[in-house]
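Think of it as A, B and C in the order they're written, each chain with its own count starting at 1.
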Amino acid sequence: MSATSARPSHAAQPSGSAFILKKALISAAVALVLFSLMIGIRTEAGPQGGLIYWTRFGDLAALVGTVFGGSIIIELLRQWWGPVDKEHIVPKPVQAAMSFAGRWLAPALLVFAFLVPVIFYNQRYILDLSILVLTYVMLGWGLNVVVGLAGLLDLGYVAFYAVGAYSYALLATNFGLSFWVCLPLAGILAAFWGVLLGFPVLRLRGDYLAIVTLAFGEIIRLVIINWQSLTGGPNGVSGIPRPTLFGIPLDNSDDGLAAKLGIDFSPTHRIVFLFYLILAMALLTNWVTIRLRRLPIGRAWEALREDEVACRALGINVTTTKLTAFATGAMFGGFAGAFFATRQGFISPESFTFQESALVLAIVVLGGMGSQLGVALAALTMIGGFELFRGFDQYRMLVFGIAMVLLMIWRPRGLIGHRAPTVFLERNQAISSDLVKEGHG
Amino acid sequence: MDYFAQQLINGLVLGSIYGLIAIGYTMVYGIVGMINFAHGDIFMIGGFIAMISFLVLVSLGLTAIPLILLIVLLVSMVITALYGWTIERIAYRPLRHSFRLAPMLSAIGMSFVLTNFSQVSQGARVKPVPPIITGGYTLHEGSEGFAVQLSNIQIVVVLATIVLLALFTWLVSRTRLGRDMRACEQDQTMAALLGVDVDRTISMTFVIGAALAAVAGMMYLLYYGLVDFFMGFVAGIKAFTAAVLGGIGSLPGAMLGGLAIGLIETFWSAYFSVEYKDVAAFSILIVVLIFMPTGLLGRPEVEKV
Amino acid sequence: MSGDPILTVDRLMMRFGGIVAVNELSFTAERRKITALIGPNGAGKTTVFNCITGFYRPSGGAIRLTNDDGRTMQLERLGDFRITKQAKVARTFQNIRLFPGMTALENLMVAQHNALMRASGLTLLGLIGAPSWRAAEERAIELARTWLDRVGLLSRADDAAGNLAYGDQRRLEIARAMCTEPVLLCLDEPAAGLNARESGGLNELLLSIRNEQGTSILLIEHDMSVVMEISDHVVVMDYGVKIAEGSPQAVRDDPKVIAAYLGADEEEAIAVMESGT
């Protein structure tokens, strides 16, 4: 029995070498036209201010050739793999192994996270990277409340991150308030802005809400850039105090932690402290979110994502429910922002662009909307993958964009595509993502 | 008064460019219901292709400005349209019946790809071109030495917009393709059952949207005399704002929204502060949506229970 | 019919642009009775429902709900969710609107949102896991379990609502509405799409809701066997106006009703005429 006869739907598709060749030729021709001017000719502002150009037909030919070859390989792979929409039957042992891994993945990751500073104590780069990943895990978890649970599309999440960061930076530099006083304030201020924005706009549905949140994100960024007397404009705020261990600074002064403990001072102490700080903050976010999901408010968020009209018919105040989701997400964003400010010691509007919002949203969607573990994995993949291209700075965003497109095509429902029920009588069984709605707001 | 008239002219010209980009957003939204985040970057690519083809034509020794402009227009429209087609084919078509957020994320990814493709292939520096269309008219000599100017390039931008808009309205309302597009907008399954090639129609929507964005890109190049790889982002957001302001899915709405955003921005810069012009545009968007949740010309959404 | 009305619809008007969907409609629904609202397609029945449950704001007229304790509320002045929350009116939908990605049990828990929100001290008590909250949650699960049992879905409690069979979904939606502990239950075509056996089960369920919970029921129905078997009172609408009302028997023999159905749809008319025999 040949492979084609086993897949009748596949047999209907042309699959001869002539077809592959034709497809590759068309792709190459399209590539030739697309890249003809953009790659074939390089322009640059000349020494006199006018434009000069030179040709790069070699690069063009190489690129078109790559597209031609790549198209053949993709087509061959596709024929070998079979139709994309077909469900591939995973063998039972593999399934069992996957579910075993699934059950132990989260605890294993958690244990690993606690051990990172121990294992990589001398590798500053890894510690810094881990802090970065955890910051995005926290942001992802925060936005997950809004997008994943309540189904409200927020394209301006970075605004709350910025509010949190600037709240801490300005309160600390102007009034000398400590990190531990400012942290809750940053969260409250961000939540306040969330309510302020949310109140008028949350009755908008779907993409209207998306564009309004995007606009809000841009407004906050532009105000930060232009309100120079308060925010320092494009120059940002510098000299933001580092966090203390409940009042004990982590420096090499006489009241520093190292001196008090009688050990030698090392700058790594602060990094390790920052690591555990963001880990604790992220885990708190996670704990609160998991807890909220099992409370009426969290269930109402998810119900809202499933069917807003049915919610109204059950006596749920849709506006307040949306507002609480928005404010909760914003609050977590604000906390993360305060951490970002204290970690960097310097913030500027450049850190709060739309790309940041898009990145966090990508983490949430790639994680599988609503899945806490998925979001953590996605943050690790995205930020970690992003770092792999550190050496190729120029191509970093290009590769990032391509990866985003490919990941979406590969797993439109995200890495973890099922939903765990919040309450059960007998069996705690996951719900397939095909049933879970994504919300309209 | 003269100052006001001058700002009115400037605002209308800027608004025309926004309107041309906004049409692409609104068409795609109408037919596939997604925000094509890469559309702003399509506009940027259009500007780049216009710049490169202009440079090549001039260096080949062509001197007749109208001929150059015509060739540049055609070349940038064709190549940019192919960009639109390819992007739909690669990044959106596999996700058409998927999860709502997947195509949006794919589009955001595509926008990053285009921005950085252009940065990598053409460099990060701003590309200036010498003024191509010069001269103009003085409409009114003011008493305080302020004259209302209408430059030729402004006339070209507005004329091109009007001609394209007329052509486009004809296309949508009178041709077979336009009918297919409206059918797909209403109900894709039914349209397919009635023999409309839905895939082809959607592809054509992207092609037309990209071609109009290319015109906008070229007009931008002529009007401001420069292109850079990052210009797609801001212009894209503003054009999308324009589309939403006008009522997304509505073609006259997109044009009206574009003009509104252009005027708001220009007048705000002229009378209040240049720094806060974008803040003004976005704030007005939010205010309009609060009071008219479906935009200026959008159809109110009837909630079926 | 006189006595103890729970719902009084008084000259209700609903216009959409120039179209008058409901025109000066008046009727009452008695307490602890099943009132059926019938009429040919497009008669405006669902529009009346949407006005009662607050999804539409009526263009004119009044809708009064008299609670068991005698308090009267003007439903047309309450916004949608307040009608369920304060006036205790619950509804189901013609095209089932469950939360498909949530389990049957979760659906019933969401229905108890307002009571649970109070019990969780607006989330704060719940967040710290206060004992009072835990007890309230237990009671809520118990109530949900009771209703799952009554609609015969106890064994499917942990399955996603979207995975249930059509008839099961209909019954789950009724159970969900009942979990809001309503005084008036509005059902929009509860028997649509059910087979004869399921439809018989539905009759029993509705009668038991009326008899055991004492909940008044207002239903829109096309299935005449359901209407004739369980209704205490029938209101017939056509083109937005009331053309007849009375006991099922009286309505069935009313020539105006037969004419309305004959004019609209032969099959339905036959169904009306044959339903008694």
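Keep in mind that, in the parts below, contacts are C-beta pairs under 8 Å (C-beta built on N, C-alpha and C of every residue); 3 or more make two chains touch, one makes a residue touch a chain.
All of these numbers come straight from a predicted model, not from anything done at the bench.
Taking the mean of each chain's C-alpha atoms, the chain closest to the overall C-alpha centroid is A. The chain with its Cα centroid farthest from the Cα centroid of subunit A is C.
Put simply, the C-alpha centre of subunit A and that of subunit C have 44 angstrom between them.
With centres taken as mean Cα positions, subunit C sits 50 Å from subunit B. One simple way to say how far apart two chains are is to compare their mean CA positions; for subunit A and subunit B this gives 29 Å. Listed for subunit C are residues 55, 93, each touching two or more other chains. Residue positions of subunit B touching 2 or more other chains, listed in rising order: 303, 305.
Within subunit A, contacts with two or more other chains are made by residues 309.
For subunit C in complex with subunit A, the residues that touch the partner chain are 53-55, 80-85, 90-91, 93, 97-103, 105-106, 109-114, 116-117, 120, 123, 126-127, 141, 145, 154, 157-160, 162-163, 176-177, 180. Interface of subunit A with subunit B (complex): residues 30, 33-34, 36-39, 41-45, 49-51, 53, 84, 147, 153, 200-201, 203-205, 207-208, 210-212, 214-216, 218-219, 222-223, 225-226, 309, 354-355, 358, 361-362, 365-366, 369, 394-395, 397-398, 400-405, 408-409, 412-413, 438.
Here subunit B touches subunit A in the complex through residues 29, 35, 45, 48-49, 51-53, 55-56, 59, 75, 78-79, 82-83, 86, 90-91, 94-95, 98-106, 108-123, 125-130, 233, 237, 240-241, 244, 248, 275-276, 278-279, 282-283, 285-286, 289-290, 293-294, 301, 303, 305, going by the rule given at the top.
Touching subunit C in their complex are the following residues of subunit A: 288, 291-292, 295-297, 299-300, 302-303, 306-307, 309-318, 324, 419, 421-429, 431-432, 435-437.
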